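In what follows, structures are represented as structure tokens.
The same subunit A turns up in both complexes below, where it pairs with subunit B and then with subunit C.
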Partner chain A sequence: MLNAILGLACLVLTAVSLLVGPADLDLRSSVSGLFAGGDEAAMIIMQEIRLPRALLALTIGISLGLAGAVLQGLLRNPLAEPGLIGVTSSASFGAVAIFYTGLAGASLYALPAGALAGAALSVVLLLAIAARNGATLTLILAGVALTSLTGALTSLVLNLSPNPFASYEIIFWLLGSLRDRSMSHVWLALPLMALGWLLLAASARALDALSLGEEAASSLGIRLSATRLLVVLGTALAVGAGTAVAGAIGFIGLVVPHLVRPFTDRLPSSLLVPSALGGGALLLAADIAARLVVPTRELNVGVLTALIGAPFFLWLVVRARRELF
Partner chain B sequence: MRGCPADMDGRRPTAPPSVLPDISPARGEITHADDEINLPPCGGSEGRAETRGSGQGGWQGRGGRRRALLSAVFVSTLSTTAHAADLPRIMSMNVCTDQLVLLLAEPDQIASLSDLSLDPSLSFLHTDAAPYPKNSGRAEEVFLAKPDLVVTGTFSLHNTTSLLETLDFAVEEFAYNQSVDTIPGEIRRMGALVGQDAKAEDIASTYERDLADLRARQCPAKPTAIAYEQNGVVLGQGTLADSVIDAAGLTNLATELGYSAMTPLPLEELVSHQPDIVIVSEPMADAPALADQIAHHPALRALQTARIGAFVPRGAWACGGPFVIEAVRALTELREEIASCDPAR
Partner chain C sequence: MLTARNLSVSLSGRPILHDVALSLQPGEVVGLLGPNGAGKSTLMRSLSGLLPFSGTVELDGQDLAAMSDRVRAREIAFLPQARAIAWPLSVENVVRLGRSPWRGFGALSPNDLAIVADAMQAMDVADLADRPVTELSGGEQARVLAARAMAQTTPILLADEPVSGLDPAHQMTMMAAFRRLAGQRRAILVSLHDLTLAARWCDRLVVMARGRIVAEGKPADIMTGERLREVFGITAHIAHDECGLIFAPTGLAALEPPKV
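Moving on to the complex of A and B:
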């Protein structure tokens, strides 16, 4: 039931996203532009500008929501989230480090390659830290440090680039945007993200067992190292590929699992699909709002998700403090 | 300029005028392939200005007259350089003043140019700028160089400018906002500042004549053009590019839509207005940025009726200078290619 509602929300929001834009297209020309062709301008706008944007918002939202739910389950930490623990910003840094130094020419393929490497490295690092010290706070603090460090390195690389436009792109890599993406970005990111979803979903049973504790999970026949590997690769693929084409979009993976958890049986595995769909719906909504809030100047969608997410995070911290101390 | 050591040690003006016949039409032409201007080797600075002033068409049709003019200007250089020691030493801290100084001042008058003068996307005269010392616009560098005059733009470096003025350095600022019609005035002003009035008058009047000739080619058929820069920023009303587009007999779509200065234009709006010409800027080859990718967006490429390309010679409309005429000329030729003025057709 929950999944059906969230799935419907995704569909409706995708449709709304396709209808929102600076070009004044009425419903009929939008629909005919999307499916049939007809007017050249309407067709180009629908198929080459709005469709990739809506698809990316949906699929990146799914990636972030799913990765958030899996990380919260694996680390048994309500604050775990790719953006907060530094995975997204590491992915940004990886993409920036490879693309702007011109190592791979101006090829778009440099972006996901770098982002995946950055994201994977950060998840490995964080798991190593979490394995030594399981406290909620340690992981978050390590994530804050990692976010600051990679954010600073991202800014540094962009400032050092001789291209004058590179330094303006700091904001894109720190607070992502979906403006003027194209289908080539979709084809670049979607296969990698889909593979990531499969790997993350494959960890579902292990996450349920882990909610009983690591020892109990091992006694149930869960191989912890295999689960960790699945999550590392899955997160790197899902979050890394998304960040490579849309920059760092934070807080989706934090907010959504908390919002949908009360409507599930609270088992980590039953949280995965609702979190994924909820993430897609939330990012679609945020991206629609980013275009509508200030009609003349589009906002970065990362700004909006942070505006929603950061107060939510503060509230979670305050609540968690009451429980933990 | 490589291969012109005489430029630097001040012996250049004594070189025999016999170098001038080396200027062949082929060398004077703009090659769009690499967007470098192949200049006549070791020509006088007026020679360079003339090369730009005449450009592609000029060398083919009016080569003889040009050459005669060049020789005349060259001789006048010989007479002025006798007093080069009395002329002010100039330090330029802005890429636009750099180019005016390069055109007008004698080589030994130039204390230093800004380091942006080497950037081919901003500086049309970047190859000419190569031999001179560079500054990065800091007050300390002015102290070390002790120039007679500092020229800079009003666009930036306000702190440096006011500091230098407090310390009694002569500082002249040139406005950033320009149009094709303000350029001759700026050339003459810089000429007066560097003590090269006659040279400035010559370059400015050639420019004015060329501009008038190109404007005379305008006709009622005004296709729409839009300068779509990195990140989808358009050059609207009040920009140099806007006046170039207008002078070339085109309608600037950005201005029509009410955009002024440099403003981002959503790609959707560009597509829905279907301009005839989309002028994109060329990316830096060695330092990629996402900003450049807008030019490769499939939505632009899908506009079947639009002509999309760089069209304007690289750096030709980044700054006000006589070379802006090359931008006007390139766009005029493009307009004549796509929309005939002949009502019979």
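Moving on to the complex of A and C:
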């Protein structure tokens, strides 16, 4: 029932997202532009501007929601979110490095490739650390250290940036946006995200057993090292690919699991599908709002999710402390 | 049947267990006694495959170290001392987790659900089935987690201080449940601090000190005043009645027993 409602919300919001934009298209030309062709301008707007935007909002939202739910389950910590293990900030740093070297203009794929390389590097580091010292707490601390380091490196690049215009471009990208993305971005990110979803979903049973603690989970036949590997790789693929094409979008992975948890039996595995769908719906809604709030100038969706997400999270904490756990 | 030979464990380079030899037979409840830090928990963790060890542990002739995690989880259940439950799961969902090593991708079978219901009944938590575990008292949580371990239906159950924090009636409920499991040809190793409880409900006792097994046998044969003084550092009044041995600690061995 919950999944059906959230799935419906995703569908409706995808449709709304397709209908919203600066170009004044009516419903009929929108639909015909999307599927049939008809008016060429309408076709280009629908198929090459609005469709990739809606698809990216949906799939990146799914990635963030799912990764957030899985990480909270793995770490048994309601404050865990995809940014925590350093994947988002490493991907951002990878992209910023590409900006700095000036390769960003060379190819459409240069920027996402840089971000993916950054995400991959952070994963290799995390896994090496996790392999040496098996504790989950080590993973969190290593993630925090990695986030600080890549954040500092990003600042360094901004500091060294040759001209204010380049800095502006970098900062704007860091804020996260789904504007002016093409179907190429979708085809680049979607396969990686889908693979990440599979890896994350494969950890569901292990996450349930982990509710009882790591010792009890091991005694139930869960191989913790394999579970950590699945989760870190899955998060890196899903969130890294999303960051690569849209920049850093915060708070969705943190807030969504909390929003849907009270409507489930609270088993981590029961939370995965609702969190994924909820993430998709929330990012779609945020992206629609980013286009509508200030009519003259579009907001960056990353700014909007943080602006709404942070106070909302605080309210959630104050209102129902028990529901957090 | 579980057999451990020359079992040694070191943690961060410090030896914790030295050459431990132990066997568990189907149908017996074995009490594991010893002061804090004697190595009881370490022994249970290594027997359940959670800690690397040297030496051999065999299960019906099969090497424990060579088993896959899932196969091992169908043979040995471990009830850790730490009672941490991360989310407000319902009691029934916690007990159902005991079926994890047995289930495939689908929902739990009617047989699984019957096992879960039996385990909840045995631990007297069936009435709490729909309550969130986080709202229960510590003793109730302990019983829920014990029911979880029972629902794993393994030939061997290792329980690390399962009765600590329980009221006297539920301490005996748990020991009686272990006895019933032993009646089904299962073997139970349970670490305890209550000597009287151990002597009454266990077929055999194993006493550990400083990482070694220092005594093993029937309660009446090994639980002497001398041993209590040496191993636990206490003096105790030991009595015998129709139900078995009764231990009443009277003082620390280092001091003189208080004059009555």
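To be clear about the criterion, the second predicted complex is superposed on the first by the 247 of 325 C-alpha atoms of A that agree within 3 Å, B and C clash if a C-alpha of one lies under 4 Å from a C-alpha of the other, contacts with A are read in each partner's own complex, and residues count from 1 in each chain.
Note that contacts are C-beta pairs under 8 Å (C-beta built on N, C-alpha and C of every residue); 3 or more make two chains touch, one makes a residue touch a chain.
Since this is a predicted model, take the numbers as computed values, not measurements.
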{"item": "First (subunit B), second (subunit C), both or neither touched by A:268", "value": "second"}
{"item": "Contacts of A:298 with subunit B and subunit C, given as first, second, both or neither", "value": "first"}
{"item": "Contacts of A:172 with subunit B and subunit C, given as first, second, both or neither", "value": "first"}
{"item": "First (subunit B), second (subunit C), both or neither touched by A:205", "value": "second"}
{"item": "Partner chain(s) touched by A:76 [first = subunit B, second = subunit C, both, neither]", "value": "second"}
{"item": "Comparison of subunit B and subunit C by subunit A residues contacted", "value": "B"}
{"item": "Subunit B versus subunit C as contact partner of A:161, first or second or both or neither", "value": "first"}
{"item": "Partner chain(s) touched by A:216 [first = subunit B, second = subunit C, both, neither]", "value": "second"}
{"item": "Subunit B versus subunit C as contact partner of A:132, first or second or both or neither", "value": "neither"}
{"item": "Contact set on subunit A toward subunit C in their complex", "value": "76, 205, 208-213, 215-216, 218-223, 265-268, 322, 325"}
{"item": "List of subunit A residues in touch with subunit B within their complex", "value": "21-25, 40-42, 44-45, 48-50, 99-100, 102, 105-106, 108, 161-163, 165-166, 168-169, 172, 179-180, 182-184, 297-298"}
{"item": "Residue ranges of subunit B touching subunit A (in the complex, touch as defined)", "value": "230-232, 264, 266-269, 271-274, 283-284, 286-294, 297-299, 302-304"}
{"item": "Subunit C - residues contacting subunit A, complex", "value": "45, 48-50, 68-74, 76-80, 82, 84-90, 93-94, 97-98, 100-101, 132, 134, 145, 148, 152"}
